[in-house]
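Structures incoming, each one as structure tokens.
In the two assemblies presented below, chain A is common to both, partnered first by chain B and then by chain C.
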Partner chain A sequence: MTHIAMPAIDEAVIGRRDEIVAGLVAILGAEHVIATEDERRAYETDALTAYRAVPLAVVLPGSTEEVSKVLAFLNGTGAKVIARGAGTSLSGGALPSEDAVVLGLARLNRIVDIDYANRVARVQTGVTNVNITNAVAGQGFFYAPDPSSQLACTIGGNIAMNSGGAHCLKYGVTTNNILGLRMVMLDGTIVDIGGSECDAAGYDLLGLVIGSEGQLGVVTEATVRILRAAEGARPMLMGFDSAESAGACVAAIIGSGIIPVAIEYMDRPAIKVCEAFAHAGYPLDVEALLIIEVEGSEAEIADLIARITGIAEAFKPSTLRISQSATESAAIWKGRKSAFGAMGRIADYMCMDGVIPTSRLPEVLSRITAICEGYGLAVANIFHAGDGNLHPLVLYDMNDPDQLEKAELAGGDILKVCVEVGGCLTGEHGVGIEKRELMSEQFTQVDLDQQMQVKSVFDPGWKLNPAKVFPLEGRPAVSA
Partner chain B sequence: MSIAAPVTTPDDEAQLVEAVADAGARTVPLAIAGGATRLGLGRPMQTAESLSTANLTGITLYEPAELVISARAGTPLAEIETTLAAQNQRLGFEPVDHRRLFGSQGTPTIGAVAAANVSGPRRIQVGAARDSLIGLRAVTGAGALIKSGGRVMKNVTGYDLVKFLAGSYGTLSVLSEVTFKVQPSPETEVTLVLNGLDDDRAVEALSTALGSPFSVTGAAHLPAGDGDVARTLIRLEGFADSVDERMKDLVALLAPYGATESLDADATRTLWRAVGDLEALGAPDDAAVWKVSVKPSDGPAIAAAARAAFACRVVYDWGGGLVWIATETGGFDAGAAVIRDAIAPLGGHATLVKASDAVRLATDVFQPLAPPLMDLTRKLKARFDPAGILNPGRMYAGV
Partner chain C sequence: MTHIAMPAIDEAVIGRRDEIVAGLVAILGAEHVIATEDERRAYETDALTAYRAVPLAVVLPGSTEEVSKVLAFLNGTGAKVIARGAGTSLSGGALPSEDAVVLGLARLNRIVDIDYANRVARVQTGVTNVNITNAVAGQGFFYAPDPSSQLACTIGGNIAMNSGGAHCLKYGVTTNNILGLRMVMLDGTIVDIGGSECDAAGYDLLGLVIGSEGQLGVVTEATVRILRAAEGARPMLMGFDSAESAGACVAAIIGSGIIPVAIEYMDRPAIKVCEAFAHAGYPLDVEALLIIEVEGSEAEIADLIARITGIAEAFKPSTLRISQSATESAAIWKGRKSAFGAMGRIADYMCMDGVIPTSRLPEVLSRITAICEGYGLAVANIFHAGDGNLHPLVLYDMNDPDQLEKAELAGGDILKVCVEVGGCLTGEHGVGIEKRELMSEQFTQVDLDQQMQVKSVFDPGWKLNPAKVFPLEGRPAVSA
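Let's turn to the complex of A and B:
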């Protein structure tokens, strides 16, 4: 089918399927173990839908203790374990294998405690990202990292992927907003890392676990930082005739000492599709569109907008529109946040996630276009311009195996360019299976060995989500 | 305090790799030093030789428009700060200078800022040093040169060893080069001062300020002492008009806490440097000094427990969540049992940042970890430094 290889399937585990299912039922009861093929199929893929595998079984534990019992049991069976939040991973992070049990966190969906005085909330990891903000919004607070998938994705998935969002330019990504975790290791041991205070004691295990793509343990609870929201926020739209002007404008704004909460970029193909979907009032006659958002009090917003438009003038924007109402602001953001969905209505796409130094923006964008043209594919670009995190959407037709392969090759070439200019393979979606074999573009084998040593400490038998992150070649023998 | 001779001082990364590999081959434990300003921090070590990064100097990349700077580990912090200031930028997490605290002479280096995760008052708003650290190169105890992260603002490629190595005090690797994200410096800054509050009220006032939409970048409390009245300090930064407006709003918000005064930009700069450098802890000479991290509302209870048991001076930062306690009379364990017993039911941790060698030998300097975490800690140490030659025992016995 496609050219991303998967590790060998352990047929012996598959042979013990009934026994394993019976053991899981004994722990959780039949209602929380999904064993029929039809129902298991619902878990065969994530948002990287080109890859699928029906798992051995799916379990839905309801507490940390149940997660611990399930893992301790599975640890003895040889089955692999894939933790799963909402399955919105774009890199195949939650993709199972036929010899793996999927451990879904959907029932761990409680907000345990909200502490406004100390500006933290304790949540179970199956809680969706947006529900944290919803729970604290009444008091004027919010949880800062806001992936576009925030209506669906879980905080557990965010922790595994160290997810970002449009507003992380100012507020940081997941790892900057988590103070404590409860995690269950494959042998069932429950560990509490950090707490509600700053800078957890000892080595920074929080930093290690966040972004480890579900390979070190199953995270069941988290203490997240909640922040008081600014008094108000306002986006503005700026259209430019060229990527160069848009890129230079972004650099000038940041160089002037202003860090807007968000600077989002869309190119012409992306603008067209998003506008058709969201009717956000995006200009259709520009090569590059920036959505720049500032926040603060009315006076601060007015002041920042004046400064930014003053800076932008030098780059001759062909459109410059400041949102005049809450409705207009919502429409502007709806267009951006539904961009991936909107693209999905017109074509299948591979969503790349490379990061580049922002000064290389125009050059890299034209190379991306050239790469895709070389494979006969179209591309649309939607991304976080302030931090150089690109999301080229390589468009293809999923029903054409040849096109899928070309899209993957184009994606690989794009990411190599990102690394070549000083950037990296992934800024927020994670390596998953998608970028696994490209890791050697960015890292030496020595670098990778050191990371794999970490995996081996937490998961000596390489059973937790093992198909991901590290190239299949060069792994420790035990992982085979 | 000086480091154990002989001292190897590599001139470049290749020599650094060689020096570590050589010590590994001979199984000679090394004390790792940058500018040697914080050698008093940690458990006393039995090291026969030392390795200094003092000659690994120089800024290797600075792109103001991309808010990023890279430097070799031994580069003086002062050089970084001067270079950034020339472009009106700064390290957001506000690294503090511990020379006064330790009575040390050396030159603080950027590598040590990363290795000890040194953050100042602005940590409460922008995060710790580790949050601004986006890339590094390091030599493990096995003599392997590794890199993690990079020079771009967002990066989730592979495990985040950057965070893991930050704050590991040279026990896992010797940092060779570090990359930080930087911030524009604000146009101006001011401080709002509340006078005469007791600790509980002060922390409440700080929480109110930090829970407001006014972007507080410093929240400290200096309790009354030696005839001085208690001062509760709240800092705002930004464009002048915005700061003025937020200051007015904040004054109104904090009216229930009594009269306020405000300090201008110059006074604010001097004051917060003094807060970060712990001048309010008084003469540090013979004092044992604790750094306690708890949730802000628990800060006053920790201080009260310490005060009830022994004479001490206390400074609160980070909205009350960082409690510095200095004592000459804490007893043989410098008050460890009292402080850690007070923390136990609440959550948090205490580090004995400074004390005599004898006390630091007899007392856990870093917060003892729960058994599963200690187990992970030992196993991870073994994977980064299998022969145990890098700062052995500095954080925990056998680590």
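Let's turn to the complex of A and C:
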């Protein structure tokens, strides 16, 4: 990548590498400290692969207490600390630097307790998203937020980024499904935030920590809400001749007060690629395809389908197909959930993550097309339409530096449009390194100063994942 | 009240009263500055009437800009600032002190903009809760959180306390229904937090400010989510022979995954008083009464009623009545919504606001009875059972100082039980002055220090509503 500068590296810390590694080995034992360059290189990047840096060391603590000891030790060394779950961040949230120790949470993979009566589970934060649902599915429960990467990504990363997913339209994103956290501060202090019930008294530090991208502390345990799975669910496909009709149909459904479980949108380039990959039976002769899923008892499903198709009629869908079997439903979702992978087979792409008011969908979609055409690039749109969370995939050739730069510029322009119409820079991927410099499009310096002062309360020396979230310029001066 | 100490008054500020009043008059004009003692006395208390203090002055600014000028001026005077909506706080959140200026938001009562397509409204924070719904009801929309005081209380007060209401079981509390805020910092700076869409990028200061009880800044405008009203709604009454059966029935309904709009609970003393007042047709021969409301289309309502009554059967309700008309539904709700007023006709009471895991309902209810009996006091229970938000009314005689002290002690014991079983001190009334000293039951000093450091970022001199939320001991030293 070309346009994002990196903060200065603390060479003195790198000079003390042997001493720092020795201290970490004394705490964790050699088997849980990764020190050789070859092995450290495995942690040099995340799913935003264009950025790379080999960290000073990698540690894999096995308990909250070990995390506490590691942080208390590192706090005296000047090393930066990057907490890492599964490294699936699309915004570079887990990108290390040469003067940073990566604190991997992979060994904190235990489900501590499940309380079905109160519908909560206590988990360590290295547990993968899908394993929470796997642990409770036998009793008919599930954990709601479902990022496309849910097979790999950890609940710790979900908390850092306040992750979403297709089914968050009905159930909310991560912040709506977490009741409590155990967090280790940089000085090693262990704090419990929130609880297992509702909003606790006092300030809402729980909400503050969720989405703070590993900059306030290292979260080692979470109390998550588990929900009773609906009796059944059924997706339907609706094809339209124009983005305008599809967008207006989405706005009308949402405006009616119905909240389907999911409303996903694909444009013609995306439909073509996904159908070729997944053979989901998507119509190939439409400009826009909606996947709308409803759930409940048979009576509820029938009622919701009748109301939704009634609303859609006014927008003249050219295709309307209601899934008739579990196999058909699985194929419909397989196409959508593998969309990014399918697209990756035919082109490099940059995945944007802006949010807009749903009523502005048609206008923003045509502006996105115009922006990309202006740079001579193609774009495919696959996104969570129900809550206005866009994922334009800007297609380019990674081996052509000129195209790479144009794709980055187009991506920035698209996010500026999202902010301009009253939306925001990120729906579920976080700011990370990727959108750091765009934050001043959305926030004034006063707004950013407030946020940065809050960071300084938790981390006065800016050692916790400091390269992310805030523009490099305008940061507070911190002592080394 | 006896056991809650007040912070020291700054006599120097009181000595500068004339000068401070003159400065405020210069900004707002004399007609919007209340300076005579008789008129100031109207602001000496809120709905927690046992505490009183006549403020230094009261100002009624008419715009965000005027709020900004007033705060910038007061920031130089050393005066404390207490923002006030309608003064309906049950925890003493709007209680002033003699060295404080009350900043009343009554004139900020304008609905700025309504955007039905995107289901948001922009309102000034002096607008009453019910007037938001009134403004959008003609188009079939409503604002969801519905405190019992909704005819009087302002959205600004709701934001300060993160208020709830009977219908929050389905729709969430204030923090789930606010998308953006305009806030004035103590130095007069105006900041915009959040937006009109989803979670914004960066730290979640929106969640932090909601529920911060006027301690971080003065919120003057809010962007609220408005929802499409359901096609219909229907309450049902279920009476049980024991608290155990009623509590277990609530836990079973919630555990099944059904989220009714509301599940309200009354015990025998409460039923008797409410029925005498509202003639709602409540059964008088049961130990516990549930009011369960469902909503949706006719088909959905029928489906939900069938599923809920099916679940309830196992708990052998002695009464089961489904409302047959709008008149009957209105009477059922009138009894519940006027419960506190009805109780006030026969006894003084202290209204607690603890939250517990729903599975612990029967156990906690019997412990509450035992606690009150231990002090020789009666108790009535009326509360939001679906989300475990208890409102035990501890009955006593206000004119008997001994009973008053016992009621306070019983209230404290009840809240300690709530925390002990994994719940928390407050569900919707806030901490205020009332539960300030109990915060250390729920939080360690490390937890409280974190919260107080966050306050210090926004308000380094602790001038904004400082007597509230945090125990007096263990506070940071601040310069005057």
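Observations, loosely collected:
To be clear about the criterion, the second predicted complex is superposed on the first by the 477 of 480 C-alpha atoms of A that agree within 3 Å, B and C clash if a C-alpha of one lies under 4 Å from a C-alpha of the other, contacts with A are read in each partner's own complex, and residues count from 1 in each chain.
Basically, a contact is a pair of C-beta atoms (placed from the backbone, for glycine too) under 8 Å apart; a residue touches a chain by one contact, two chains touch by 3 or more.
The model shown is predicted, which means the values in this text are computed figures rather than measured ones.
Partners chain B and chain C clash in the overlay (superposition on chain A).
Legend: residue contacts after superposition of the two complexes on their common chain; A:161 is shown touching chain B, with no touch to chain C.
Of the two partner chains, both chain B and chain C are touched by A:387. In the superposition on chain A, A:205 contacts both chain B and chain C.
When both complexes are overlaid on chain A, the residue A:289 reaches neither chain B nor chain C. Put simply, chain A uses residues 115-119, 140, 162, 173, 175-176, 189, 191-193, 195-208, 210-212, 228-230, 251, 254-257, 296-297, 299-300, 303, 355-359, 387-389, 422-427, 430-431, 435, 439, 442-444, 446-448, 450-451, 453-458, 469 to touch chain B in one complex and chain C in the other. Interface residues of chain C facing chain A in the complex, by the touch rule stated above, are 115-119, 140, 162, 173, 175-176, 189, 191-193, 195-208, 210-212, 227-230, 251, 254-257, 296-297, 299-300, 302-303, 307, 355-359, 387-389, 422-427, 430-431, 435, 439, 442-444, 446-448, 450-451, 453-458, 469-470. Residue ranges on chain A touching chain B, taken from their complex, read 115-120, 140-141, 161-162, 164, 168-169, 172-173, 175-176, 185, 189-193, 195-208, 210-212, 228-231, 251-252, 254-259, 296-297, 299-300, 303, 355-359, 384, 386-389, 422-431, 435, 439, 442-444, 446-451, 453-458, 469.
If you check the complex, the residues on chain B that touch chain A are 63-68, 88, 117, 119, 123-124, 127-128, 130-131, 140, 144-148, 150-164, 166-168, 172, 183-187, 204, 207, 210-213, 215, 239, 241-242, 245-246, 249, 293-297, 318, 321-322, 347-349, 351, 366-367, 369-370, 372-373, 376-377, 379-380, 383-384, 395-396.
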